[in-house]
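Input: a single structure, listed below in structure tokens.
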Amino acid sequence: MSDPALESLYREVILDHYKNPRGHGVIEDADAEAEGQNPLCGDEVSVYVAFGEDGETIDDVKFSGRGCAISQAATSMLMEMTKGRTAQQVAELDKEELLAEIGVPLTPVRLKCAMLGLTTLKVALHKAKGTPLPEGLAGFDDLELT
Amino acid sequence: MAVTAHAKLDARALRRDFPIFEQEMHGKPLAYLDSANSSQKPRQVLDAVDRFYETSYANVHRAVHLLGERATSALEHARVRVRELLNAPDAREVIFVRNATEGINLVAYSWGLNNLGPGDAVVVTELEHHSNFVPWQYIARRQGAEFLMLTIDENGDPDLSELEAVARDHTVKVVATNLVSNSLGTIHDLAPLVSWAHEQGAIFVCDAAQAAPHMKVDVRAIGADFVAISGHKMCGPSGIGALWGRGELLRAMEPFLLGGHMINSVRVDKTTWGELPHKFEAGTSPIAEAVGLGAAVDYLEAVGLDAIEAHEHELAAYALGRLAEVPGITLYGPPAERRAGVVSFNLGDIHPHDVAQILDLQGVAIRAGHHCCQPLMQKLGVAATNRASFYLYTLPEEIDQLVDGLHAVRKVFA
Amino acid sequence: MAVTAHAKLDARALRRDFPIFEQEMHGKPLAYLDSANSSQKPRQVLDAVDRFYETSYANVHRAVHLLGERATSALEHARVRVRELLNAPDAREVIFVRNATEGINLVAYSWGLNNLGPGDAVVVTELEHHSNFVPWQYIARRQGAEFLMLTIDENGDPDLSELEAVARDHTVKVVATNLVSNSLGTIHDLAPLVSWAHEQGAIFVCDAAQAAPHMKVDVRAIGADFVAISGHKMCGPSGIGALWGRGELLRAMEPFLLGGHMINSVRVDKTTWGELPHKFEAGTSPIAEAVGLGAAVDYLEAVGLDAIEAHEHELAAYALGRLAEVPGITLYGPPAERRAGVVSFNLGDIHPHDVAQILDLQGVAIRAGHHCCQPLMQKLGVAATNRASFYLYTLPEEIDQLVDGLHAVRKVFA
Amino acid sequence: MSDPALESLYREVILDHYKNPRGHGVIEDADAEAEGQNPLCGDEVSVYVAFGEDGETIDDVKFSGRGCAISQAATSMLMEMTKGRTAQQVAELDKEELLAEIGVPLTPVRLKCAMLGLTTLKVALHKAKGTPLPEGLAGFDDLELT
């Protein structure tokens, strides 16, 4: 990898998360779950949440599905970021926080890839807890709920 | 609709932006008085389109590569410019279409095929352009609904006293009218009709094709549910227009055109629709045309829509005065302060085709015909009229050229 | 479909007609391998459009003045050029639309809403673009008709052994397939399906969006009833396409879009439709876009469609050979001699988005995604593929640049 | 009229036919009749034919309706040209013959005006005698038959 742009987009940590995704798997009898699709490439992701005893704090969160390095890495990072937070906190999680974690400049198309996990997680929490949907979704079905 | 005099445009200077005026017609200076039919294009718009093709062209939305990104962001920037022009709440409510006609058909089909049925009524006015008349007539008939037409007075205002009877006898589901008439030039006050429509639980569809080029169109102030415009009438390229619709209505609607891009997922047993605006934009978009429309919005806003409106009122007043000098002329429509830059007339019983042809030989381009308003023509008791229409590049001396031309027409038929 | 070697084009020389190649991408030469998505535009087409706007622009058909005449004759000349390109019997059977998608929707709505009902079936193939799939699926469902999909083999050929059962169990009213596949590149022999369709009394709708840019499409030789093409894929502007249909079918059909220009006369109680092609061209036409398409036809015919087809076969053969060198690659579709300049592939389990992105950084523009062919993707068992596609300006070294790029992709994911 | 183009288009004979149309009127109980419309301007013309004893030769032909100078003059000239011909002869009448009579250069839009009468007359004969429809019409409804 001698190309600096290439090096910056597919930096070590992205590839590491992609190759060794954290929280990859399924939670049986999850307290919250949702499935999201990226209509541009047909990628699908499912997110599963288990709450702690307070019924609010995320005790465990996992994802399954297929996707590109950016979407898989971003979702993997998201799993780490959100474990231990409350549903409400995650619903309010600003996408900039996740983007900072990803730490590479994204074009609009790849932004959709990066946001697929977060949007799907917020939809899962919305369905289980009635927490607010993300900006783009509020009113506008940025994501087909399946 | 008062003339706001503070912003004044310099038509002579603006005219230099339009390459079409660099030539003569039949050896005479071109007096292009057919802008309500379609406007000419400034170099700024043509250049923006060329630059786009030369540096940023690719298909949109789908591509990961740099050209695809540039093209997508150019298209979406144009959408934002149209949203701003119309003061629409959200750019995703702006659907790119070919022209206002397609925008209205989109609503007539997509909303009408799923919401109209026997016992329902669609209400239009006698002053509608065929594009806001025939789609409703056709879809209403197909659905077994009633198609009703409000009569108008000589200013072009619909007779609101008919509304009570309409409401009593019908379930009104759609009210569709223009904001500015392309044949009489009338600028309508839509407020009473919009509230009446909403009291009936009907949607209000506003044909702003003739309004958007000439004045500030604010979809929130109008209170309409759908508003359609055409790019080619407002300094933009042909092949592009926009439909604005309320998000909640658009989201609830079935799509209209089906195909690539407007889907979420496709399976033989089940297909789901994409988000707004994509759900209504099947197939490859009119990409460069949208970019050109965005550049046209830039151009119009730089000139100032208030200034354009004021300029047109001035020209309309001047034209009505000068045309009244021509013996045997009949002028149609409201007083100058209530009209956009459009003047329809007949010259005795000389057929408009002959009037327009003789004017053309003198470099004056006007339109002769029914202006896609046959119901109005039936009302006026004529087959056709002449129509001179003005825009930001129109000069008073072009109106003088028209008047001189009309005298020449009279001589031929003397 | 044999390679005809006699006419050879000089891609390097032609390339100089395309301004897009005058720039670098990410500091690398641009290898634009996404022409099946949309083609780049030669200066000749851009100039023709500019010249039209600068000297001859006005609305068409209606105006008596000289600009209106010039614009009308430019539009109608473009129609004649499309007729000639497609070897259609009559220019009035050529309808200008926005793109192939709209052309197919026109048939699905206008013919389908009036001829399909319960017990009837529409038959497509698993290899259709969404634009020749979803309209039929939607209209069939709306009309209570069946929507059937023929399965394909790994070359993309539909399984004709299914036809007998289909004919036994259904009244087939529509058969709709592509002539060239945009994802596998397969050039189909449509003859058996066309005769079968006609034996069933069905109409045959041919999606030639991907064929017309690359080879001679002869509507009479195909024997189809409707053929749809898109201008933007064949060196023309965005915002324009054409539908050819048999005159007797078009004349018998109800119109699709309603509004200005497509009428004969309009009255509140009765409206009658205009002649062909006007009946299907409501509202202001994509005028300059049609002129641009006409110029694109001139350009393509000057290069020679046989030469373009031969060039693409050569590139496809070269690409299939070179790509096979890349470890871990899966190539989809038929052998080179049966395909247009389209190669779809996957690189191990590296996601196409990542492949395309890394290629882009090396100046190579390909498409990654489902190519609006989700049924095919389901068949292939993947969400997406990479697709490199070629055109008359494509050079073999661009394919080398692609192959080098793929090696770099593999290194990133090693 | 000092403009030569103007003078040539609206030459004396056109204006004369326009102001004093030959064969203007209605034939009651006509043997053949039809109505044509020009959708561009809404003009309408009706043509009436009375055959002679042989049932083939046009004994009288008249027209009514409104239109521009070109269409009225052309139709008026047509009335003169066709009286005494047979239905078949008129069905075969080449439009060039009428154009030569009109004798002024016409743009495509004005050509429609000039041809309205001839097309309507051919339609009338077709309906009454089954004679062929004009080129443009054969199969293609160049004219709405009302």
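Order as written gives the chain letters A, B, C and D; numbering starts at 1 within each chain.
Everything below uses one rule, namely that a contact is a pair of C-beta atoms (placed from the backbone, for glycine too) under 8 Å apart; a residue touches a chain by one contact, two chains touch by 3 or more.
No experiment lies behind these values; they were computed from the predicted model shown.
A.B. asks: If you tally the C-beta contacts, which comes out ahead, B-D or A-B?
C.D. replies: B-D
A.B. asks: Quick one: point me to the chain whose Cα centre is farthest from that of chain B.
C.D. replies: Using the mean of the C-alpha atoms as each chain's centre, the farthest one from chain B is A.
A.B. asks: Roughly how far is chain A from chain C, going centre to centre by Cα mean, in whole Å?
C.D. replies: That pair's centroid distance is 37 Å.
A.B. asks: Once you find the CA centre of chain A and the CA centre of chain B, what distance in Å lies between them?
C.D. replies: 44
A.B. asks: Round to the nearest whole Å and give the separation of the Cα centres of chain B and chain C.
C.D. replies: Centre-to-centre distance between chain B and chain C: 31 Å.
A.B. asks: Which positions in chain A touch two or more other chains at once?
C.D. replies: Counting only residues that touch two or more other chains, chain A contributes 40, 42, 109-110.
A.B. asks: Mind pulling the residue numbers of chain C that touch at least two other chains?
C.D. replies: Residues 26, 62-64, 68, 263, 265, 353, 357, 368-369, 374 of chain C each touch two or more of the other chains.
A.B. asks: Going by the contact rule set out above, which residues of chain C touch chain B in the complex?
C.D. replies: My answer: residues 19-20, 22-23, 25-26, 30, 32, 34, 37-38, 40-41, 46, 49-50, 53-55, 57-59, 62-68, 98-102, 104-105, 108-109, 129-135, 137-138, 147, 149, 230, 232, 237-240, 255, 257-263, 265-268, 271, 282-289, 353, 356-357, 359-360, 364-369, 372, 374-375, 378.
A.B. asks: Name, in rising order, each residue of chain B that touches chain A in their complex.
C.D. replies: 61-64, 68-69, 72-73, 90, 92, 247-248, 251, 263-265, 272-276
A.B. asks: Once bound in the complex, which stretches of chain A touch chain B?
C.D. replies: So the residues of chain A in touch with chain B come to 37, 39-40, 42, 107-110, 139-144, 146.
A.B. asks: Inside the complex, what are the residues of chain B that reach chain D?
C.D. replies: It is residues 26, 351-354, 357-358, 361-362, 368-370, 374, 377, 383-384, 408, 411-413 of chain B that touch chain D.
A.B. asks: Given the complex with chain B, which residues does chain D contribute to the contact?
C.D. replies: For this pair, the touching residues of chain D are 1, 3, 5-6, 9-10, 15, 40-44, 66-71, 109-110, 113.
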